[in-house]
Amino acid sequence: MGLAFDLLLAGGLLGLALQVVASRGLFRSVVLFIALGLLMALAWARLAAPDLALAEAAIGAGLTGALLLSAYRALQPAEEAADPGPAALPRWGALAAAVLSGALVAALGWAALGLEAPAASAGREALARLGESGVKSPLTGVLLGFRAIDTLAEVVVLLVAFLGARVVAEPLQRAGPGPSAPGSGEPVLTAPLLRLVVPMGVIVAGYLLWSGGHQPGGAFQAGAVLAALGVLLRLTGRLQPAAATSPAERLALVGGIVLFSAIGLAGAGTASAVLAYPEAWAYPLILAIETGLAVAIALPLTLLFSGSAGLRWRER
Amino acid sequence: MAELGALSLPLAFFLPLLTALAAFLLGARQAPWLAGIGALATVAAVADAVRRVAAHGPQAYHLGGWAPPLGVELYADGLAALMLAMTAAVALAVTAYAGAYLHGQGQAAERFWPLWLVQWAALNGTFLSADLFNLYVMLELVTLTAVPLVAMAGDRASLGAAMRYLLLALIASLAYLLGVALLYGGTGTLHLREVGELAGAGGPTAVAAALVTAGLLLKAAIFPLHAWLAPAHSSAPAPASAALSALVAQAGVYLVLRLWLWAFPALLSPVVGWGLGGLGAASVLYGSLQALRQSRLKPVIAYSTVAQLGYPLLLLPLAAVPAAASQAWQGAAYFIVAHGLAKAGAFLAAGNVYYSLGHDRLAGLRGLAPELSASVLALGLAWVSLMGLPPTAGFLAKWQLLSGALAGGQWPWAVVVVLGGLLAAGYGFRVLATAHAAAPPGGPVGRPARRLPWRMAATPLLLALAVYLLGVSAVPALRLLGQGAPEALG
Amino acid sequence: MTQAGLYTLAASALAGIGVYGLLARRHLLRRILAVNLLGNAVFLLLVAFARRQPGYVDPVPHAMVLTGIVVAVSATAFALALARRYYAETGLDHLPEDEG
Amino acid sequence: MMAAAYGLLPLAALLIAVATAAIVFALGDARRRQRTFWNLFGAGAKLVLVLVMAYGVLQGDTFEVAWPVLPGITLRLAADRLALLFAVLSAGLWLVTTVYAIAYLEGSGQRARFFGFFSLCVAATFGIALAGNPFTFLCFYELLTLATYPLVVHRGHPAALAAGRTYLIHTLGGGAALLAGTAALYAAVGEHPYTPGGMPAVAEWAAQAPAAATAVLGLLLGGVAVKAALFPLQGWLPAAMVAPAPVSALLHAVAVVKAGAFGVVRIVEDVYGHALAAELHVTPVLSALAAVTVVYGSVRALAQVDLKRRLAFSTVSQVSFITLGVAVGGQLALVGGLAHLIHQGLMKVTLFFCAGNYAETLGEHRIDALDGAGRRMPATSAAFTVAALGMMGAPPLAGFISKWYLGIGALGQGQGWVVGVLVASTLLNAAYFLPILRRLWLLSATRDWPARAGRAETHRGLLYPPLLTAAAVLLAGLLAAAPLSPLGWAVRIVEQGYPGL
Amino acid sequence: MSVPAPLLLLPVLAPLAAAALLAGRARPLGAALLVAAPLTGVLALGAEALGLPWLLLGTRLELDALGRALLAPTVPVATAALLAAVAGGGRADPRRAGLLAALAAVMAAFMGVLLAADLASLYLAYSAMTLAAYPLVVHARTPEAFRAGRVYLTMALLAEAAVLAAVLLIAAEAGNVALAEAPAAVAGHEQRRLLVGLILLGFAVKAGVVPLHAWLALAHPVAPVPGSALLSALLVKAALVAWWRLLPLGEAALPTLGAALAAAGLLSSLYASLVGVTQRRPKTVLAYSTVSQMGLMAALTGLALLRPAAAPAAGAALAVFAVHHGLAKGALFLGCGLHGRRRGWYLLLPALALAGAPVTSGALAKVGLKQVGADVAGAALGPLLLAVSALTTLLLARFLALAWRGEGGRDPLPQRLAVLALVALGLVLPWGVGWRLMPSGVAYALQPSALLDALLPVLAGAAAAAGALALQGRVAMPRVPEGDWIKPALLAGMRLRRAARRAGRRLRRSPALSAPR
């Protein structure tokens, strides 16, 4: 029964993926990709990875989807047929691509299936020594304990993506989903709904953050929720794009990383090594770091969606 | 447990990173001096690391105190130390140069500094990390800092180059990650040397190695995956071009060597070696021929990068030949160092040309030499190393490669090395001759519109001179390289 | 066939589809989509690996995937920004064929 | 302390030239007086150091500086007699040429660049002279190529650039061959210092792998043959004539072609040893090529109407005598070859100085425009005459001495045909030099020459160098039997270094 | 009489110093020194050998017997020629300084040839002389002069090539051998025949052995008078000096080469006299006379080569012959430089001497030749020599007829004195030398039978001359160009070159080869 469901799920994944690639309409592809993300989250949930499912749903499907849609709109020619569009791949080219992809599938499948799961692995050791990390959730232990450097670097990646996007930034009028002028055209329910959703979201984020220590959740998921809130506010015009990054935003952008680095470097003195935590303080420190990280994840994502250097509350 | 003594290893990553954050926080106005201080601090950390490696052998640092496979290890052997040192030298030059180059360009400066400093941190991380997945993150960091630098000019050409670069780099990263996933699935570890011990030479490992290598070769712009490099590297602003060619692309080559010699030595059969070496050779020849055909200065230099990146791969077919291995190994490693310094010098000198004239068309460079003599001199000096002529580090590296190839009886590589040098001379002198040419009647086309700040004039010259300093004797560097080298290559 | 094996195969196929998309489609957005497909394939593979042995979930691949997701979204966001700017400057939604 | 410094003289001499280059580069174009001072100071100081070394070597001192460059490979500067023969030539002519060049380039642009590379060029030549092993030789040999290129293209016009390209294609190609050869040699036998009579390790290797040894010897000789302008690799030399006269003088007399010829000496005598080279059947080929070059260069020179081009082809011809002397074998021929190294340098530098003087003072490059120039510029023409007659091998000038030893050396080796080459060369040299002399002295001018600016026939800086070198040509021949003459030095080298020949 | 050895350098250096002074500003002093320079040669007579091991390849200077004898004509002829040149007209001649310098150089070089006692020095002096003579030949700067110069230089240099080869061959065996030992070295050389052949060939040009004489006939007429005098009286003798110092005379018998040389010499003599008669310019006639006389001297050398035992006698005879010829020819050429209407009287005595009239030095010289000839070749040579003598007389008659009347004008006293002095010395010196070297010959020459012998051919020649005079105007003299074969040869060469060029052009135009470039 379970396997049948999995089979269905996998088939759905592949079918969607094929549609994403093969579909004629670009919009359709984008939407299907978002759907694919959701299915993927489902699959991961099936594979005992609820944290990942959560993150994939929020980030992989949600935020990425929002970004894609916004970009899709921006890439539409102002007038139809102004752009001939990319020439179709010649038949032999498509054939070669198919052969190559097929070969990859074959090799990969053969190799991946042929791999014996090793008796000893980093994962087993991580589970065995989870206690030393100061948290109870294995994932958080790995992310913020054993392999903290990856997490740190990954947040830097996000910051860098923001910085890079600033380099290629478009004028504010064209940036992100475009300037939204709320008020007249806004559905009636929007404002009250938002008034409900935003505090809820913040609370959920806080909960996720806190829960990350022992069950599914954590800085990423919390950051994703916050970012989703930001997207929402930006779309509804509560948040307006700004041409400059305010000092507060700057601080928020780097604060998490600086905090993480500072605690990490302090570990060389207070604990055994860089990125080690003194045993007694491990949990609070990790929580502090996670808080910083959540902000450091949410803000760049929001800004990236907004396509602007900063955000300002709409003047009332 | 971690040794506190080797704190300089994590610091080599953290110091530029924190400087970048500070530079971003405080804005463009404070960035140059901040960057200067951060650069000096980083150089100090690197110097300490290098000193330790030289004195005490390879240094390992277990981040968080977690030993592999659980934690991530920073590992500095001779090769890594050499790369760190080279990176420090180039980065110092780029930092000094960029301060003057970007002076007065508020927005560009504001964006450049954090990106560049993070890139430096990520590069140091790439050279130091002994963890395959951590390497992936570092590589992504490098890529995502590199592409905006390429796009900085914001014109059609640079945006297209950046776009192509980004897409290919992302694919490369994912190919690498796919390989890493397979390796973890097979060995249960991500640690480089443990993977080397556990992976064996089976088919799945071969697929993983192929994926990893394909990704890295794409990042290193090895033929036939080279097409993105030249437009990208020639579109970036000069200091970024220098960093991209001297450091970023070379990091890919470095990782190819690192992985094949440490993680997949069992797979390095003659056929595989000859295949990879053949790709390197093709890169050398193809890049050189392309460089000969360019009509602008920076693309010439960029294609020269394609050519030069191919040389270190010649080590792979030689590594298994006992008579050749040691020399080829030294040659390849020294080659990366020499190329890095020389290429950075060349790009910065080209940047001076661009800065002064507002263009870098070769046809417009006639009669240029008197106006920019220091820069042209630097360009010439750097090129001597790229050609592999004495008394430069490039020559010594080429000599070692050549000797290795000959001692191992694999003369085709020797032919490639010699031929590559000749071609390099061909495209190099094409440029230098133009610069030496008498001005056309009516003065040089486009007289220098801008005076060159002395820092910009001096930096490429100093980089070029460093190549000569390393050309006086390679012994100290090679002794350093010997620390922790695989036994077959020692 | 185990559950993990099934998803392993699915991941392989997904990777193939992603690569095909990269090779066969030239619209920038489609290529970015394809890159994401490829990324998803890798993640799926890792998640499947984590679940290979009964009664045991390997947290390390999970951590890798989580990190990977953030990296992927960062890269995608930047790529989209770049593509938009490229389109704004050139009016092209694909890269010209002539390379080098 | 003093003793240590004394031993470091080779390095000091090398660094003086490099430092001169650096200072001159740094001074820039504008500061003429300072540049002149440093140029002359550098050249003078180096000559003094070289002479001190020469004296020391005569006293039996050894000078050696070596440092490891790569594992198992050292950069080694060693002052043996042979090295100093070449070093004295280069240092001496550097000084003279510097004086000349300062006067010659007065008022032209890019002098900082010119003199900087000029100094580098001499540094490289000095390094070639004192190189103590093939690797060191290779390093400086390539450096020489690089340092001379900017000089060749100095004028910067398209012809100069084209010549520069020709020059590079030849010399870099040669350099590549030398690189490959040297690397292969090292790969086979490792590093050994130059050993008069040949390195024993090479002999052993050649016994085991004669084919490889022959191929490597071919590569090595092919590499140096380019600079030595050996047929058919001589094409660059006439092309390089577009360079200013002091450069031509430097290329032809002091640096480049001599570096090649000197390389032939080192490779044949000190790496393989003549006996081994002969055993591998390389020396006969080499001597045949040299002979062909001698004749070919002379025949081509006959047809040239541009004075410098004629001189260039003459160089092609004359330099091969050095190669010939080495290839023929035997002590006497080697003496002749080595002496010719100096003699040809003195003669050719004089000729180029004079050609430069005609070009600079009279504005004439063509031979047929020089009718009656002897009356307007008697001193220059006298110097030219001495050098030209020397080239012909007319006694008592330097060239005669070389030919004498080459001839009797070849006969002593049972290679009488060399005498035929010598005789043919004499005749051909006469055929292309005597008409020039006739025009200079015996024909009357077809146009009015530019008036003298002062009392001297031309700038004194242009006048004295050729007179000095012409006097040297005369003295080198006239006093050949004196102990410290070039011949005497060559005899010393051969008697003490190559007793086995 | 003992003179310090270093003074041996004086005859060489003094003319050079004089030339240097002439080039500078001390012209009068230079001129004086120049005229006096040849006189320093006398010093050499009393000097010991001088060794200068540091010079060239180890130089030795010494006067051997032949050199000693040759000083007899050298000193007076050179002094007279230089005096004539210095005192002679054309002070306004812009090329006078050049002429004097060239004369000085030739002078110095010839002295060098006489004094050289080692191989390298001999070669040095000889080749220097060759080159230094060129400016003399082309002094007039006319196309004719340049043609003569070209022919001269070409032939001389080709010969020099043989000389160089020979010198190197000797040196390879014996190093820079002292000339006293050179004949032995050559005799013992493993390639003796080749070597001797090269030596003969190499110096034969200068010696004017037919057919290598062409340059003489071209060069003498165009050269200025003092130059011709030096060329004809002295320069050509350098070849003899070289032969006698290098050939293995008295050391080894080389019958074939010896006979060939002797035959060539005699034929030269006959041929040159015959051709000379047809010439129209007095100096050309004299040039052919020189060829003729040099042929006899070459024949003497050949005889010595033929039979070693005859070498000493042949050497003595040669020395006497050379002294005689030098003085007489010097006087005749310098006489040609006079302009006076009665210059024939100045020329008569030397002409008679050359013709071998009894009691003249010519008679003595011929006695020596005859004696050696009879000794080596028996009586067969007698009639031949008779014919030679007769033809010589005819030739000189032709010369006198052409040169008797000068074109008029006053000659400076020094010039006239110079000629007269040579005439006078020509009467005395050969006898003096003969007395020392071949006393028996002197005695024989003065016997009546010998006088008669000498008279006979002279009379025959005179008769022929008278006949020719009688026929003058009625029978056309065959016209032989100066240098006989050289002009047709040059013309043929030119035609050949033109034809070749034309053929080449046609070839290039032919469609098969005209591929687009």
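Letters are used for the chains, namely A, B, C, D and E, taken in the order the chains are written, and counting of residues starts over at 1 for each.
Throughout what follows, contacts are C-beta pairs under 8 Å (C-beta built on N, C-alpha and C of every residue); 3 or more make two chains touch, one makes a residue touch a chain.
Quantities reported herein were computed from a predicted structural model and do not represent experimental measurements.
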Chain located farthest away, centre of subunit B as origin (C-alpha): E
Pair joined by more contacting C-beta pairs (D-E or A-C): A-C
Chain with minimal offset from the mean of all protein Cα atoms: D
Identity of the chain that, by mean CA position, is farthest from subunit A: E
Centre-to-centre distance between subunit D and subunit C (centres being mean Cα positions), rounded to whole Å: 66
Interchain centroid distance [CA atoms averaged], subunit B/subunit E, Å: 83
Averaged-CA centre spacing for the pair subunit C and subunit A, given as whole angstrom: 13
Subunit B and subunit C: spacing of chain centres that average the CA atoms, whole Å: 27
Set of subunit A residues in contact with two or more other chains: 108, 112, 115, 117, 121-124, 126, 147, 150, 154, 157, 160-161, 164-165, 168
Chains touching one another, given as label pairs in label order: A-B, A-C, B-C, B-D, D-E
Complex contacts: residues of subunit C adjacent to subunit A: 1, 3-21, 23-30, 32-34, 36-37, 40, 43-45, 47-53, 56-67, 69-78, 80-88, 91-94, 97
Subunit D residues touching subunit B - in the complex, by the definition given at the top: 25, 28-29, 67-71, 73, 75, 109-110, 112-113, 135, 138-140, 142-143, 145-146, 149-150, 153-158, 160-161, 164-165, 168, 172-173, 175-176, 179-180, 183-184, 186-187
For the subunit E and subunit D complex, residues of the former touching the latter: 23, 53-59, 98, 120, 123-124, 127-128, 131, 135, 138, 141, 149, 153, 157-158, 160-162, 164-165, 168-169, 171-173, 175
Complex contact set, residues of subunit D against subunit E: 378, 389, 393-396, 400-401, 403-404, 407-412, 416, 419-420, 422-424, 426-427, 430, 434, 438, 441-444, 477-483
Subunit B contact footprint on subunit C (complex, rising order): 15, 22, 28, 31-32, 35, 38-39, 41-42, 45-46, 49, 52, 60-61, 64, 67-68, 71, 74-75, 78-79, 82-83, 85-86, 89-90, 95-96, 99-100
